[in-house]
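Take a look at the structures below.
Same chain, two partners: subunit A is paired with subunit B first, then with subunit C.
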Partner chain A sequence: MNAQPDVLLDIKNLTKRFSKVVAVDDVSLQVGSGEIFALLGPSGCGKSTLLRMIAGLELPDSGDILLDDSSIAKIPANKRPINMVFQSYAVFPHMTVENNVAYGLKAKRVAASEIRQQVEQALSQVHLLDQRDRKPHQLSGGQRQRVALARALVMQPRILLLDEPLSALDAKLRDQMRLELVKLQETVGVTFIIVTHDQNEAMAMADRIAVLDQGRVRQIASPEELYHQPLDTFVADFIGKINLFDVRKVTVEDNRVLAETDDFGVIEIQHVTDRTSELLNSVQAVVWKLGLRPEKLQLVANDLQPTEDTVSLSGELGDIAFQGVNSEVEIRLPDDKSLAAVATADDMQQLRQLQSGSMVNCVIKRRDFLLLPESADS
Partner chain B sequence: MLFSRNSKAAPFDYARKWQLKLVFLLTTVFLYAPIIVLIIFSFNNSRRGGNVVWRGFTTKYYEKAFANSQLVEAFINSLTIAVVTTILSVILGTMTAILLWRFRFPFKPAVEGVVSLPIVIPEICMGVSLAMFFSQMGWLATGDLVWPFNLVNITVAHTTFAFPFTAMVIRTRLQSFNKELEEAAIDLGASTRMVYRDIILPHLKPGIVAGALLAFTLSLDDFVITFFTSGPNTVTFPVKVYSMVRFSVTPEINAASTILIIITLVLTALAVRMQREPVAS
Partner chain C sequence: MDNWRRSPLTFAFFSLPTLGWLFIFFLFPLAIVWQYSFGENTSIVDVEFTGTLNNYARIFQPEILVLLWRTLWMSTISTVICLSVGYLVAMVIASASPRAKPWLLLLIMLPFWTNLLIRTYSLLNILGTRGRLNQALQWIWESTHSLLQLVGLEGLMAASYKPLTFLGTPFGVVFGLVYIMLPFSVLPIYAALERIDKSCLEASLDLGAGQVRTFFKVLVPMTMGGLITAAIITFVPTLGQFLTPDLLGRGQVDMIANVIERQFKKANDWPFGSALSLFLLYITFILLAIKSIHDVRQSRRVV
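Moving on, here comes the complex of A and B:
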């Protein structure tokens, strides 16, 4: 994990219970100054609750929140230099766009002339200057979101919190807004914390991502690291697709980690994560899996022989889902398991000749296998 | 065939069937004809208001009504009571609604039940109990006090039965309040007071207007409870009209009633206009 040199927000062992539900369970994480940090996880995993605790709208049961090394846990929401864009946008319906954006400055008793100037600047940042006199019901969903953005940004917060900012937009607008948000962040330089359940969104926007499940942090890493070195099966499965194979036994010989499998014999693991070595050194009983990303399954002509560095696999051709440049191909193994593979445009040329159910061969490089502990409760 | 015809029915098709048209017509006639007749005959140049023979147009009964100092006094009393009742009901009703919406406290369901009790209790029972209450307190004698203090007990009685309606209307409006609006305001630095002033009250405005109108009309035309709680020397418009009708029905009463109808209509129109603000979150 690459610890940020310039820590802005430091969350320490934060826990929040709602009667019996532990919404946020002993979460610790650090957010660096000027980055886009994503909280990613399935619905109900406690993302919003964590965000609301940062905003001060929810009080933690235990733990601490430090901003610039001083605790803000006891500072009420209306005094924190942190602002939020709500999931419903929460634009004030009876105020014009301009008054919405001016609201926070008025609450802060900023001089009227200054308010006018700052509101103007914020509105131009989100391209809403010409809509300033409109009421929210005259705006589209995307425009309302921009009002919510401008309203928060005009406060010049240390951190901007965004709760599922794109979930209410339609697909096309979502892609556009995704880019715009990243650009906006670059211009204003404010640290963004974005909550999302959509891994594509998190991967595309964030500098770093915390993957949450059932109130706990599973892994905090950059999008690349999450994809290529997931810490467990939950993260591997949540971040993109992964094929999982059973592992009979994992042994360590002269610092080499060897996984015994039914499908491929003994595989030596190249990338051993810290977590894996930790688990291998502990006495804890762990269920291990071998993971393989679909694009690492190379479809080959029937007669190719496996080399020392590769293993091979054959199965029936299943469904093919065309996805533009690449297509996702299903391969059914004899034991009724099915694997996902990625076929390039060239592969598709050949695959088109084949019928569903014909045998196809795949080659896998030994070093592409990931050794993953099965996550305890998923 | 029958089904296919039904399935093609457009929203206002029911109005095309003559039976339904007839029902609609009769309903309208029975509802509004008496009122229209009342208004027309306030201009009838006849000595008796119940006289159904048109004897020419006149406005002299309006002049007469305005010249009848007792009637004018009753009218002013009624308006005063209604205005004060409305103000009190809106304040109490809004506070009650927010209390029941926002806070959790012991015996909350019981409190809710007690608050809405005046809506279901028969007016006659409320009238009797309030009369007993006021006589115990010695308040029936307030009728001897100087205006407007002679109206205190009637106003208190009206507020007692009107504010639960106001509270109910406002409570309903609160149900549609998006709590994220409140949180957004706090997030932007608003204090609790500012949240109420800038966010919650503007959201409640249509409910408050509707509740105020309800309280006003309930108070203005209340007869039963007023009858029991007014002292011998204070009269309200409905009570005065009742006593005048007992002697004879004169066009003067028609004229006074017409003015009352117009006031109510104007107020309703104003309220509807104030509510026309679009609702969006």
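Moving on, here comes the complex of A and C:
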């Protein structure tokens, strides 16, 4: 992992079991100061459990959590300088907005005048000043979430934890709140750890993302790196779409990594990840796949010949999903496989003249292929 | 659920049996009692309905007021104890594993299905001078004494245990009332605890509050509706208890229901008994009115 300038939170080999289920399995990761860090993974992969262990609401079975180089694993939740926005928001229903936000400060026995001032500031940060005397049941879902946000931020935590902060909002509000959260983070400068199962959300908001699956970390990287250099087929598939091709054999010759395929013959791999070289050097049996992002499949007129930098392939035109600027096009190969390709507006001009089922050709640059080990359980 | 509004006839048809039952066995007898409360005894068996308010006036004579006062404070204390103990019991059940819950609830309900008389008599066995409670206390006393003897400090306490008197004291009666009424307290509180969003408790901890603050500032306010229901359905029947004070109070700790019972039996003063009964009913109505005002406020909150 690239060294962070200053590591704020250092999680070491954290494991948590619930009777038979291993919810979090030997997770290690570091979060830098001032980052937006996302925990991304399918539902049930242990994101919330990991977050709750950071908050102190769940005790780890083994491993350690360091905040500023000192262990907080044994410190109870109410003594940790970390606050959480719960998935259900957990706004106190019997208190006004103002009292909700003041709750933590009162527990800390902050002077009343100071409380008033800080609550006011927190409420203005989330644009709720005019709702201060309302009860939660008089607020919309989005407003309730802001109360939860203000209530946590007013405590000036070192880290703010957000469990699926956008999942309960409707689509339009979600986009708005996504931007607002990022802006808010920039203003207050608090480190955010966001749990989400939505890769778009994670990609749009986070500086770095940890992809989790079945309680384990698959990869920790920036959104760009996750997209362009996924470590295995699980990450590649979870972060965006990917077309996978079978690989018969991978050989290394004079430091060149060559993948033999049925579809395209031998392909030389340009970007070899550390993980890949590690696996190539080990004796472990690995199932390899060639991965290709849909936008790397270039739709071409029928007569274009492949050059030595490219390979080509043809198939039947399948469904077209219009998505604004670009459209997603399905291409059915003879062996019943189907590929996803991206068509630009220009491509669409031509494609519109074709019928579903007509043959289309695609050109692929050889260097765009990714060599991916198949993850053991996906 | 509200399509009965559209077919009032069907609704009337199906509610008729209930209404009939209520009328014949509740409203009609109540009307008789109400009528009696304005009557005067003319002979041992005859009552003349003169519309007098004398029976109600008699409630305010000192002997009755003393009893009413005692009924009130003993019921209040019993209710407070029931609510406190009931809250803890409800919390234990609510936090038990899903498999244990039905069994724990069954354990709470079990006494309901046992005859009140049997339960009260068994309390006699526990609270008596030679009862189980005194036996246990005696054992503790004597063990402590012999322990002190070992270190040569036996002078600190008398060698023999003098049994405490529970029967015939307010303590004994309150003990019995709490024992009988406890399930009524547990169930509404339990229901309220099950309904709340548990993450509010975690949020409280997360915001730096301790367990005590979380309990009083979050848990109790969030279950207030259940607490008020529990308070009323515990307090109201306690006001009307007569078997418990009769058996455990030994006639020395009478409550108002004992007086009412006596009016209908020994004293043979039905008009006064009726006035007293209705007086209790009025108190109940006032409490229910308070509760429904709270409910209306609550439902405004939800809408």
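The definition used in the following text is that the second predicted complex is superposed on the first by the 377 of 378 C-alpha atoms of A that agree within 3 Å, B and C clash if a C-alpha of one lies under 4 Å from a C-alpha of the other, contacts with A are read in each partner's own complex, and residues count from 1 in each chain.
We adopt the following convention: a contact is a pair of C-beta atoms (placed from the backbone, for glycine too) under 8 Å apart; a residue touches a chain by one contact, two chains touch by 3 or more.
Only a predicted model underlies this, so the values are computations on that prediction, with no experimental measurement involved.
**Q** Should subunit B and subunit C be called a clash or a fit once both complexes are overlaid on subunit A?
**A** The answer is clash.
**Q** On the A-aligned overlay, A:Ser70 touches which partner chain: subunit B = first, subunit C = second, or both, or neither?
**A** In the superposed model, A:Ser70 contacts neither subunit B nor subunit C.
**Q** Where does A:Asn78 make contact in the superposed view: on subunit B (first), on subunit C (second), on both, or on neither?
**A** Both partners.
**Q** In the overlay, answer first, second, both or neither for which of subunit B and subunit C A:Phe92 touches.
**A** both
**Q** Based on the superposed arrangement, let me know which partner A:Gln305 touches: subunit B (first), subunit C (second), both, or neither?
**A** neither
**Q** With both complexes superposed on chain A, which partner does A:Gly104 reach: first (subunit B), second (subunit C), both or neither?
**A** A:Gly104 contacts both subunit B and subunit C.
**Q** Quick one: classify A:Arg151 as touching subunit B (first), subunit C (second), both or neither.
**A** In the superposition, A:Arg151 contacts both subunit B and subunit C.
**Q** Would you mind listing the overlap between the subunit B footprint and the subunit C footprint on subunit A?
**A** Subunit A residues touching both partners: 55-57, 77-79, 83-84, 86-88, 90-94, 103-104, 107-108, 135, 137, 148, 151-152, 155.
**Q** Under the touch definition given earlier, write down the residues of subunit C that touch subunit A in their complex.
**A** Interface residues on the subunit C side: 197, 199-200, 202-210, 213, 217-218, 221-222, 224, 301-302.
**Q** In the complex, go through subunit A and note every residue touching subunit B.
**A** 55-57, 77-79, 83-84, 86-88, 90-94, 103-104, 107-108, 135-137, 148, 151-152, 155
**Q** Touching residues of subunit A toward subunit C in the complex: what are they?
**A** For this pair, the touching residues of subunit A are 55-57, 76-79, 83-84, 86-88, 90-94, 103-104, 107-108, 135, 137, 148, 151-152, 155.
**Q** How about subunit B: which of its residues touch subunit A in the complex?
**A** It comes out as residues 178, 180-181, 183-191, 194, 198-199, 202-203, 205, 277-281.
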